[in-house]
Amino acid sequence: MTVSAEVRDTVQRLRRTVADLHGELTRNGLVIWTAGNVSARVPDRDLMVIKPSGVSYDELTEHSMVVTDLHGELVEGELAPSSDTAAHAYVYRHMPEVGGVVHTHSTYATAWAARGEPIPCVLTMIADEFGGEIPVGPFALIGDDSIGKGIVDTLRASRSPAVLMRNHGPFTVGKDARAAVKAAVMVEDVARTVHIAHQLGQLPALRREDIDRLHDRYQNVYGQR
Amino acid sequence: MTVSAEVRDTVQRLRRTVADLHGELTRNGLVIWTAGNVSARVPDRDLMVIKPSGVSYDELTEHSMVVTDLHGELVEGELAPSSDTAAHAYVYRHMPEVGGVVHTHSTYATAWAARGEPIPCVLTMIADEFGGEIPVGPFALIGDDSIGKGIVDTLRASRSPAVLMRNHGPFTVGKDARAAVKAAVMVEDVARTVHIAHQLGQLPALRREDIDRLHDRYQNVYGQR
Amino acid sequence: MTVSAEVRDTVQRLRRTVADLHGELTRNGLVIWTAGNVSARVPDRDLMVIKPSGVSYDELTEHSMVVTDLHGELVEGELAPSSDTAAHAYVYRHMPEVGGVVHTHSTYATAWAARGEPIPCVLTMIADEFGGEIPVGPFALIGDDSIGKGIVDTLRASRSPAVLMRNHGPFTVGKDARAAVKAAVMVEDVARTVHIAHQLGQLPALRREDIDRLHDRYQNVYGQR
Amino acid sequence: MTVSAEVRDTVQRLRRTVADLHGELTRNGLVIWTAGNVSARVPDRDLMVIKPSGVSYDELTEHSMVVTDLHGELVEGELAPSSDTAAHAYVYRHMPEVGGVVHTHSTYATAWAARGEPIPCVLTMIADEFGGEIPVGPFALIGDDSIGKGIVDTLRASRSPAVLMRNHGPFTVGKDARAAVKAAVMVEDVARTVHIAHQLGQLPALRREDIDRLHDRYQNVYGQR
């Protein structure tokens, strides 16, 4: 299987977008060394663009990105795909509304994941972006569909675009890769703020109806039309 | 309503100033993604210059800034104004001495806001800049004047140019936008230092008369005349 | 009083050195806005070169530095000297072996100062550079010789080049300005590490004889001859 | 003893590699001032390339690196070698599979070392890279083979490429200098994450068999073939 001529331009654009978005991971301090990855679905095709495995962020270019099908089989590119490809692929197969997936081991989100505790919705910013607490997914070993299934099952039961996989780290999704990166940046930010707030005392929760109003407004009014 | 020719130069200068000051927010680690904003009052006019909504800091230029009246209605610019425009506008309407307003979700200040605890005045730097403890404002939903009123009512009862809005984050004011940004940088710095000091034990408070002497000196002697 | 021709070259060199060393304060995250300063003694003259008051680090150049006598009176320069000039001057008058002084409000060192606790000598790096615990100086108001006297009295009773002034922040000294900046960088680094270690449990102390051996070796063998 | 003509090219290449890798220490926030060092074994020769003592990271170039034999005696270079040279040399003499050694005082790893507590294996990333808990080595004074022996004895009893030397800081090893730097980056990252997770509660441990499967996969499948 190869990429057909008609989607070549789209793939080319996504290769650049995905390569550039890895720069947001490093700029926001979400990753060290090679431990995080971004992917994007190729719209209307059973294909995704993802980071190659074990390549440092400095060396990532549109040319080093790889294209796989939605079972993680290499379709285009000279390098082996990310070792997390199976998890990304599972998400795309089971969540058709998702156009981008991000995985990091960002410090504070991973600390909540290590304790297996959801991040409570105690900030307007959490209500805005996550619509409630940020849920914890199961512990799952790499190597089969366990991680992907854990992500999808957890996200299906929540409004949150982020899930904290136990003893592992956060995965985020979005309508496109940029939205998934935004969620990755925000989950670390609120994980840090709520952790720090918790250190010195109890946190009053937001009311459900306030969370709903904030989430609705942010999802529908915020930003440029 | 459009900007009259006589204030065009002033508005042009403020557009650049406000765009540049957003760089201080990122440089000082006060904001992620698009979650913070700076505005400046146009002197002697019922106008303000403010960040557009949901635009990333890298893309902010003097041209992307928008001008609104002091009820948040767009006067000049092609983008929708910040979703916090109503709060900024309320402050300008009710605090004529204020020439700049800043809002962030900076980590440590927001953590104090999440607990609803004022930052105690235990450092000379807090006495200098804030003249006492840094107060907490009410929880308020976005969408009407609640946030603006909460800011103004709290600041009116204090010497502090910063208020920690509950479950939300800090707002700061100043005689101009640069002074408000300085207060935003300093509130995060002292929020962090006092948090860390508190983690390992009790903090002796400064005496009221020492706070007064420090505040008076800093406000009147520090810097260049 | 003006700078005599014979010391003009030395002063010129020190202006550049001191301006450049402020860059180390920002690079090492020790200061925000304008809240920290470096000075250097002019060797064999009752003069010092110091930062002007309230000027941002970006705007500091060798030309904006000011020269004062050792009572803080302006000798050369167009700007008012740092508001901490009296403390620097007191140190130079009373500690002839000191050629450089640095003051910051760096986060972790200031947190120890806010609690009024010395930093215990539990790391080889602390033994190396500070020769024992890092002491706390008295609370003192700005405006007379109280701060300077508190610094000198505390350092005289210690091998440490750093003192944590209560509710205020660290002052460091060195044989020249670069050595004082190094001590400022290291006091924040060890203040942070020991704070973090302390959060989760007790810390075994180093033995006095081990501290002495480490300190002696570091002061006499480390680095280039 | 001098470097023979036949290894000159190899040494030249390693000088550049080692100089560049020090940039990763600063970029990842593992070192301040001059307090950390990287070395590389010269393959098939009883030689190593290491940082000179007390030279700042900005001034490090391939030309300032020094070459010593595996007892730390200077073979090539104009500067005195790192004061930690004896420890690096001891590791190379006793661990023939090691091609690179790194020493830092990175904050969180050093905090675990100050408490003398191993970092528990509670994250998949720790299983991947370290194959179990990250062990603590003995307190040892600089000046003889005590530090080197403590490193080697501890690593021999573990799968971890990192050891936390008590009251001192981490040493890491790898098949080459880049692998040792990677371990230094990762030990600080997991030390930080696990510290933060620990602050708010208990951490469920990974099961031995899961650790073994993760470690085996990461060591043998991850990255490019």
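Points to keep in mind about this one:
Labels for the chains are A, B, C and D, by order of writing; each one numbers its residues from 1.
As a working rule, a residue touches a chain if its C-beta (ideal position, glycine included) is under 8 Å from a C-beta of that chain, and two chains touch if they have at least 3 such contacts.
The model shown is predicted, which means the values in this text are computed figures rather than measured ones.
Of all residue numbers used where chain B meets chain C, under half belong to both copies. The two sides are thus made of different residues. Between chain C and chain D, the centres computed from C-alpha atoms are 32 Å apart. Chain A and chain C have CA centres that are 45 Å apart. Along chain D, residues 199 each make contact with two or more other chains.
Taken pair by pair, the chains that touch are A-B, A-D, B-C, C-D. Against chain C, the residues of chain B that register as touching in their complex are 28, 122-125, 182, 185-186, 189, 192-194, 196-197, 199-204, 206, 210, 213-214, 217, 221-225. If you check the complex, the residues on chain D that touch chain C are 32-35, 52-55, 79-80, 83, 105, 107-108, 110-112, 114-117, 141-143, 166-169, 195, 198-199.
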